[in-house]
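Each of the next two complexes has chain A plus one other chain: chain B in the first, chain C in the second.
On to the complex of A and B.
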């Protein structure tokens, strides 16, 4: 199979959520910024960066939670020379690549128009890209791992959305201690201690790496994928 | 009636045996204890907890319901579209069983099964509190809060979770649903136009304020009624018990409308 055909197929199998999620997230973020009646550019800039840090990672996380458990004939996938986990990693790459393209476009527009710098904690145009990259990978890793363990897109998606929401509801108490601060998803726009920002972003990236590795180990045990799928 | 009963029983059993229906709320509760645990700890601390058992268990209801309803909606999102995806829907359609009775059975059966872990969590904590505080009345208030806040809210969420994935993929519904839940329940109306504090408030602002006289743990917050300068204030009359019942009725009517819409969409696609 030619690579182009292969990738085109994987894009289609990845699904509409991965494709539509990030642009919808951006649109809702911009709508929220426009609807904000509070005076001053700082709050508006915070909402715009919030779309990058909160909405886009949520869409990516739920998409990655839905990768496992959707193939109608996974047994055939398991007999092909390409390992199924390689296929899943390709689909995750499609999801994350598209998410990154949308996020970088939005970040680029915010940087060019000057909105980026109007939020004091934006950490510059280069390192500041971790604003969306770290929570996106963190939630995607969580979603992928939950999908691999539960084998249920519903369960894994529910877990990702609940973890996201609990960090929104309890922004203060989630950051009372150091482990909570290091794993807090919204450290740029709702972070408690600015000095922890770099460590927080790197911890999220590390957690994502661990979770993705865990998911790949679990998916590698192929008998789990056909043994009583949790529909 | 037998179709409804059979569908309800089967869907209930199918859903209640799903591992993720139990694992997801359990993990979220663990996270809640780790992150928002100070609220729970206060419940068992005689110096910190609300003096009134009613305030204590109603506050607990807001926390447990506000948090676990998100997973509840997410877990139910694939239930209605699943029959089509697994290609069993045409077989079921070929039987004399009416699609409406099947959908109603599915709705109440899967909804009840997915709500069981939530009820176990709520009544578990409420019972522990009642024993710890020596306040058996707390259990009565917990039952009342479950009936007036959890049940209408969960019926509302379940109807949309079943119907909306007819028009968008279930994962996209999960993303938009959690966004809605935050926007329509928690966001303050003076920040942006929102349904929070209106009569259409699945977290139950009007029943909380008017039926349970609940104004936050410290008695400072009200979750219903107008906010000066906010948009949509015409949907936020001053809370009264009659308006609380109206709010509950509105949630149930919207739930019925969502289900009817989902059913109509499916019938149209079959034609």
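On to the complex of A and C.
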């Protein structure tokens, strides 16, 4: 099979949920910014960056949580010469690649129109891309690992959403200690201790790498995948 | 001569050979006995009546199965208990374990963080846990036993109801247990049991019913994504980004525990179950022949 054909197949298999999630997240952020009742550009800019830092990572995290457990041809996949973990990494790359394309497009529009700099806690156009990249990879790694361990897309998706929601409402509690601060997902728009932002972003990237590696180790035990959730 | 007897018994010999065999049989008792055996075999192999037309046979069977009343179980409660047991065996242990883990995470957050209110944490977690579980209850054509289910006298609606009762009931009991544990612990910011249950019951019912409706129409993946999306809007409206103005207030009020919310939740669930039980599984593939 030619590589292009393979990637086209994986894009088709990704499904509408993963493809529509990031654009809908962006649309919700823009709608919230348009409906913002508070005066001033600062709060509007915060909502727009919030869509990048909060909504897009959630969409990617839930999509990655659904990668394991609903493959109707998993037995065939496990008997093919290509390792199943390679297939899963390819599917994750499709999901995250599409998410990154949508996020970079929105970030580009915000930078060009000047909304990016109107939020005082924003960072430069290059380093500032970690605003969406770090929480996206963090939540995606969490979803992928939870999916590999639980083999239940519903359970893994619920875990990702719960962590996301708890961090939304308990920003103060999450930042009371160093581990909480370093693993906080929304350090750009919900505030971070001065000087912690870069460390927070790098810690999230490192956590994502560890979680994805853990998931790939777990997925390597193919007998665990045979009785995966079939719905 | 003996070699010609099978063909003679089957009536496939040419005229000349047939006369020759007939003349021989008149004088040979042994060949007459052999011929009797061959004639018995030939009679057994010859069809007595033409086979029925396949289309007519299928139509007759389908008509009879459609018009005959389903046998009602003599012991309804025992029948229901066996259905519950059978459906419970189909739920993989990972699903309830995952729900319990997420709920334990919420309880731990309340107990470890002095500022976290138990009612708020449970109202954030319980709805999405239940909705994610319910999203997987309607499997339609992806159910490995879809053809069998479609062919059994037990209604697909009844099976779906049993499955929902198991999944939603488990999450309900789990959250009740978590509420009881938090109320008994007296953790900081935790209200009494009634207030705790009031914080999550309405949102849990509404989000689960919406998840079921999406699952019936679009499948479990879209249902999970839609439930997460709807719940994210609720979380955003609860004070993070759009905490002022009537739209945010309307969203927050819609996700509370009161009679209208519970009534709407039940109505949505009833519509979903009615749609789920109407005819073929909704994925474009028929499980049975059309008449």
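General remarks:
Going forward, the second predicted complex is superposed on the first by the 225 of 231 C-alpha atoms of A that agree within 3 Å, B and C clash if a C-alpha of one lies under 4 Å from a C-alpha of the other, contacts with A are read in each partner's own complex, and residues count from 1 in each chain.
We adopt the following convention: a contact is a pair of C-beta atoms (placed from the backbone, for glycine too) under 8 Å apart; a residue touches a chain by one contact, two chains touch by 3 or more.
It should be emphasised that the depicted structure is a prediction, and the values quoted were computed from it without experimental measurement.
With both complexes brought onto chain A, simultaneous placement of chain B and chain C is prevented by a clash.
Once the two complexes are overlaid on the shared chain, A:50 sits against chain C while remaining clear of chain B. When both complexes are overlaid on chain A, the residue A:155 reaches chain B and chain C alike.
In the superposition on chain A, the residues of chain A contacting both chain B and chain C are 15-17, 20-21, 24, 28, 32, 35-38, 55, 58-59, 62-63, 66, 150, 152-159, 161-166, 168-170, 173, 230-231.
Chain contact summary for the complex, chain A toward chain C: residues 15-17, 20-21, 24, 28, 32, 35-38, 46-47, 50, 54-55, 58-59, 62-63, 66, 70, 72, 146, 150-159, 161-166, 168-170, 172-173, 190, 227, 229-231. Those residues of chain A that touch chain B in the complex are listed here as 15-17, 20-21, 24-25, 28, 32, 35-38, 55, 58-59, 62-63, 65-66, 150, 152-170, 173-174, 180, 230-231. If you check the complex, the residues on chain C that touch chain A are 92, 94-95, 97-99, 101-102, 105-106, 109, 113-116, 120-121, 124-125, 128-129, 131-133, 135-139, 142-144, 220-222, 224-225, 228-229, 231-233, 235-236, 238-242, 244-245, 247.
Against chain A, the residues of chain B that register as touching in their complex are 18-21, 23-24, 27-28, 31-32, 34-38, 66-68, 70-78, 82, 86, 168-172, 174-179, 181-182, 186, 190-193.
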